[in-house]
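Next come two complexes, and both contain chain A; in the first it sits with chain B, in the second with chain C.
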Partner chain A sequence: MGRYAVKRLIQGVITVWFIATATFFAMHAVPGDPLSGDKALTEKIRANLEAKYGLDQPLMTQYAIYLGNIAQGDFGISFTQENREVNDIIREHFPVSATLGILAIVFAGLGGVLWGALTAIYRNRLPDTIIMFLVILGISVPSFVIAALGQLSLVNINEWTGVSILPVGGWGTVWHMIVPSMVLGLGTMAYLTRLMRSSMLEIINSDFVRTAKSKGVPPTQIFTRHQLRNAILPVITVLGPSIATITTGGFVVEIIFAIPGLGRYFVQAVQQLDYTVIMGTTVFYGAFLVFMVILVDLIYGLIDPRVRLE
Partner chain B sequence: MAELKLDANAFAPIHQEQEIQSISRPSLSYWQDAWIRLKANRRALISLYLIIGLLIFTFLGPVVWQVDPAQQDVDQISQPPFADRTVTLVTEYEPWYGEGAVAGEGLRFVEDPTTQYIRLVWDELPGAAGGYRVYRNLFPIGPERAYGLPLIETEPGKRFFEDRLDLQPTTYYYSIVALDAAGYETESVETISGDVTRVITPSEARGRGLLAEGENAAVGTQFRLATHPLGTDYLGRDMLARLMHGARVSLFIGFFAPLLFVLIGVIYGSIAGFVGGVGDQVLMRFADFVVALPFLLFMILFKVVFAIGPGESGIMPMLLAMVILLWPATARLVRGQILQIREEGYISASRLLGAKTNYLVLRHMIPNTMGVILVTITFAVPSAIFTEAFLSFIGMGVAPPTPSWGSMCNEGIKTMLTTPHELIFPALFISVTVLAFNLLGDGLRDALDARMRGRE
Partner chain C sequence: MAEPILSVNDLAVEFDTYGGTVQAVRGVSFDVQPGETLAIVGESGCGKSVTVQSIMGLTPMPPGRITSGNALLNGVDILGRKTINGEDIRGDKIGMIFQDPMTSLNPTMNIGSQIAETLIVHRGYSKKQAFARAVELLDMSKIPEAEKRAKQYPFEFSGGMLQRAMIAMAIACEPEILIADEPTTALDVTIQAQILDLLNDLQRENGMSIILITHDLGVVARMAQEVLVMYAGQVVERGSVDDIFYRPGHPYNLGLHAAMPTNDPEAESRLTPIDGSPPDLFHPPAGCGYCARCPYSMQVCIDTPPPTYTLSEGHEAACWLHHESNTQVVPEIHHAGEAVND
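Presenting the complex of A and B:
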């Protein structure tokens, strides 16, 4: 276990280095440069600015400096915002995105397990048909449409009742978080429901469930102890990739619900071509996702003793 | 030992057994079998018809409905489907300076509101020491007192206003708010609502081709404007034409990106699977790194890198980025399949018969992975369409004015409260297409992949 964890961590670090390198050379392949903006610069000012941002160095020197800075957790200074460090931006906006993402994952996980188990128990009966129809809808409707419809129905509900039960946008209180996190988790929930259903169907017909039944174990106990616990395992394996889906899905939800998260900031930075912010957030997100996947794999090994982590 | 006596008859073949082993039904090829299975799956079959219908809509649609998707119909902006298309002829515009008495009390219209102008007059409000502010809204004024768009501030003595700002045939709610001496809004407010009639002047009618040059018509004559079966968007462009042309972009990316990256994945994967050993290790390690790249982040990054020049739609950069990022999944899959097939008996048999490597790969390995590959492509189509829509939605996709379903959603979402059809139609097309491909993919997987059969 310990050796496996170390091996995976080393792999993860190499992957992050690959991501950082790909990002660096991709951004340097962009035609034009960050200083050829709206203002015409004189030779002197241009040279000064290039020296300030280290753009006058040879490419490989820049790359070495960049890697050194990243290794120390320094992502540089924003090009479009005066004196704002990328680290500050991440520190300020990432907690918002993380809160939203965690709520969405919890919502998707709980919902997926519950609905999936229900559909398997009521296989080919009305609840199964209805839920699976909704699941197919959830998989087929793009996240931004779900977000827009969620907001639209909020507006209508608020208008109909005459009071603002839940705010339509913004961030701050718990009330602001409910609808965006549900909307964000919906697609993943649909996917997890499908997965849970098939894994539950396999478990229902397994020998140990039959044995438990013949021993006279009460049905609720069979459900919680034998079926649910075993059926959940495959759901946990896809939680890692699901985190990636929810992270990028957050971009859209943050834009639509006007949430000051890092995703919205990233999209803005891309639209304004703020090079250091794009590079910094890409590497940060990349590292985050890589280590989340590793974490989920390690947790999976802890939960399921049958998986030998080698 | 007892003597066994056998005559020649004992060695005659038993005829019955031959009959048992004979083939009673016509033998089916893999693809015939798959087609029969697919036909039995009603959901998959309906999806297949839906996709064929969508292709007809995309490629034959523009031939039947020859409307330029970039053509702006300024008389019909943000019109829902089946909207009233009549327009009434009025006299040319003449300036108005509040002259003429108007019967009635309080805030009132001088004439019935038209899209040419809306003229308001009002009586003095209490506490209007600093004049009045005039607002226009698309919604009734609720208790939160959102008055909408501020139009003008007038002098205390000037109690009339003419609105000519971008008038649309809808219902407007006008409010006048009295301002105190310091210019702050007071509590005294008056509100009025009116339905606006769409009108046109003779000179405009000539410009639109409704009236011939030199021809005249009586005031009050009604014309019918151009038909837009699915309404128009916020610039007055025909939704149906835009959906058809947008389908080209969405389906182009939806089909070609998967085809290309699956092709690359198949070549890469079969090389890795066939070479084996160290070469395989190196090739697959590299694929692992590409898989680890966060997909949408790098899609955005690559879109920036392959920066779009002026006048380019941005479809090619998107296609390229997708192919660069998505091939490894297929490569892994194909490699696994090849490794498996390599050990099969019929490969050894074929080799024994003197088959060359090329023959083995082309004749046995790739055809035997075709089922898996086809299923991969079918599932890759909806995710490519989703990706296009996502990128266009956040403004990193197809550049305007080229329509795509994603960018249409992006535009429609801004006006979803007043004109929801601008969001609903493209969203519906994306959803139905993705749904159809997902269901068809399920059906194909059941039909083609014997090992996955019966799983859900």
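Presenting the complex of A and C:
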């Protein structure tokens, strides 16, 4: 297990290097540069930046300097926000995005497993039909529509009751987190529900569940020890990639709910060709996702004894 | 004969499907004697498994439905019940093992815990106690290094080993009856012999009865005292192992013998199959289920189901050939009152 983890981490570092390289060259292939924006920069900033990043030097030299810097954990200073280090931006805003994302994943995972198991048990009966209809909606409606609708209904509910039950936007307390994380997790939850349902249906009719029945094990125990634990395996497999889906979805949800997360800075930076912020956030997000996927794989090995992590 | 431990009377089971209602079991009766082995033989789809699974309460309902009959365990009807006098039936009074040991165990739970689970549920053992007992049971089932093996998972076991573990699980609570639903079909011949020996040994030690479902007549000869031959959801013949092998009373039984390979090098090399296929149980025939394939069938066979005739003590066959006014002579068929010569 330890050796496997180290191996995966090394692979992860290579993946992150690849992400960094691809982003670097893709960005430089885009016409224009951060210094030629519509906001004229002062000569002082321009000179400082050119000195530090060598923007006037050949591309390969720039690349080498850039790799050297990120290897030391230095993502540089923003081109468009004076004297703001990318590291500061990440440190300040990433915890917000991470909280939102983790809440969304927990919501999606728990909800998916629960609804999936429920629909399988009530197969072809009313609860199954209703939930599966909602699941199709959840999968096909994009998160920005759900976010806008969620916000709108929140406004209406608050107006109708006369008290602000849940805040409509912003960030700070637990109450601020509930609606955005649910909106963000909804699509993934719908997807996981479908997955869980089909895997549960397979398990319900499996031989070992019949064996458990023949042993006289009570139904609740059959459900938790024999059915759920085996049915959950495919869900865990896709949980890693789901984190990526949720993170990218987070950019939109953050903007709609006015959440000061990293996603907003990322979108802004892309629009302004703010090289250092784009690079910093991309590499950081990339590393984060790679790490999460590795984590999920390790967890999978703990749950399924057939997966030997060596 | 002693009081039977399990007495099944006129059991009938149906299944609702999209294509209609299948009458899988149509009035099956049999007794299981204490400490003896009853073999149920018959081809695929004849209702062997459904019969025992209904007794165990393992048939899914719906779509399954028990339409008549009862199953008396020590005189108490257990059909549709989970407990008698506060004691659990499944796993406690009756243990069961299945055809495919590879898929019959939970892949994410270690073997020892799966055996221990039965003891925790029925005997109220603590986890530790139950696991220690599970190791003993594995040892009784002749699994080497039981202590180490108990901590392993099903994927680390071979098929034969898994079937041993299944047996250990089924006998954990010392059941009065062990139902073995084709326990050796998925195993190769040497392992098969070992598993059958193990079942015999355990039966001798525990004095439990065994209901053995199989379509291997070799297994029947080796294991059983009593044999039930089923066809199209009904019992066509029942008798001692000698009756079934040496004094067949039903043409279907005769057909099975003719279809069996022999070791005799002088014999013809081709087997004689039973022509045709079993009847459609969506619309079971009015008369005898076997008449369409039977070389001796008569008009009465098509119109009226045959009654069960007693040929000798404990030997019964459901066939019109035994009717007193039948004039057709089938030399291979044993009739009532004929001299018994073994």
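Definition applied: the second predicted complex is superposed on the first by the 295 of 310 C-alpha atoms of A that agree within 3 Å, B and C clash if a C-alpha of one lies under 4 Å from a C-alpha of the other, contacts with A are read in each partner's own complex, and residues count from 1 in each chain.
Basically, a residue touches a chain if its C-beta (ideal position, glycine included) is under 8 Å from a C-beta of that chain, and two chains touch if they have at least 3 such contacts.
Predicted model, so just to flag it, every value in this text is computed and none were measured.
When the two complexes are overlaid on chain A, chain B and chain C sit side by side with no clash.
Chain A has more of its residues touched by B than by the other of chain B and chain C. After overlaying the two complexes on the shared chain, residue contacts for A:207 are found with chain C alone; chain B is out of touch. In the superposed pair of complexes, A:229 makes contact with chain C only, with no contact to chain B. Seen from the Cα centre of chain A, chain B and chain C lie 100° apart once the structures are superposed, a value rounded to the nearest 10. Using the contact criterion defined above for the overlaid structures, shared-chain residue A:306 touches chain C, although it does not reach chain B. By the touch criterion stated above, A:218 is placed in contact with chain C alone, chain B being left untouched.
After superposing both complexes on chain A, the closest C-alpha pair between chain B and chain C lies 8 Å apart.
Listing the residues of chain A that touch chain C in their complex gives 206-208, 210-218, 221, 225-226, 229-230, 233, 303-306. Residue ranges of chain C in contact with chain A, taken from their complex: 56-58, 82, 88-92, 95-96, 98, 100, 103-110, 117-118, 121-122, 153, 155, 166, 169-170. Partner chain B is touched in their complex by these residues of chain A: 14-15, 18-19, 22-23, 26-27, 29-32, 136-137, 139-145, 148, 152, 155, 162, 194, 197-198, 201, 244, 247-248, 251-252, 255-256, 266-267, 270-271, 273, 278, 282, 285-286, 289-290.
Chain contact summary for the complex, chain B toward chain A: residues 143, 289, 292-298, 300-302, 304-305, 307, 382, 386, 389-390, 393-396, 406, 409-410, 413, 416-417, 420, 423, 427, 430-432, 434-435, 438-439, 455-456.
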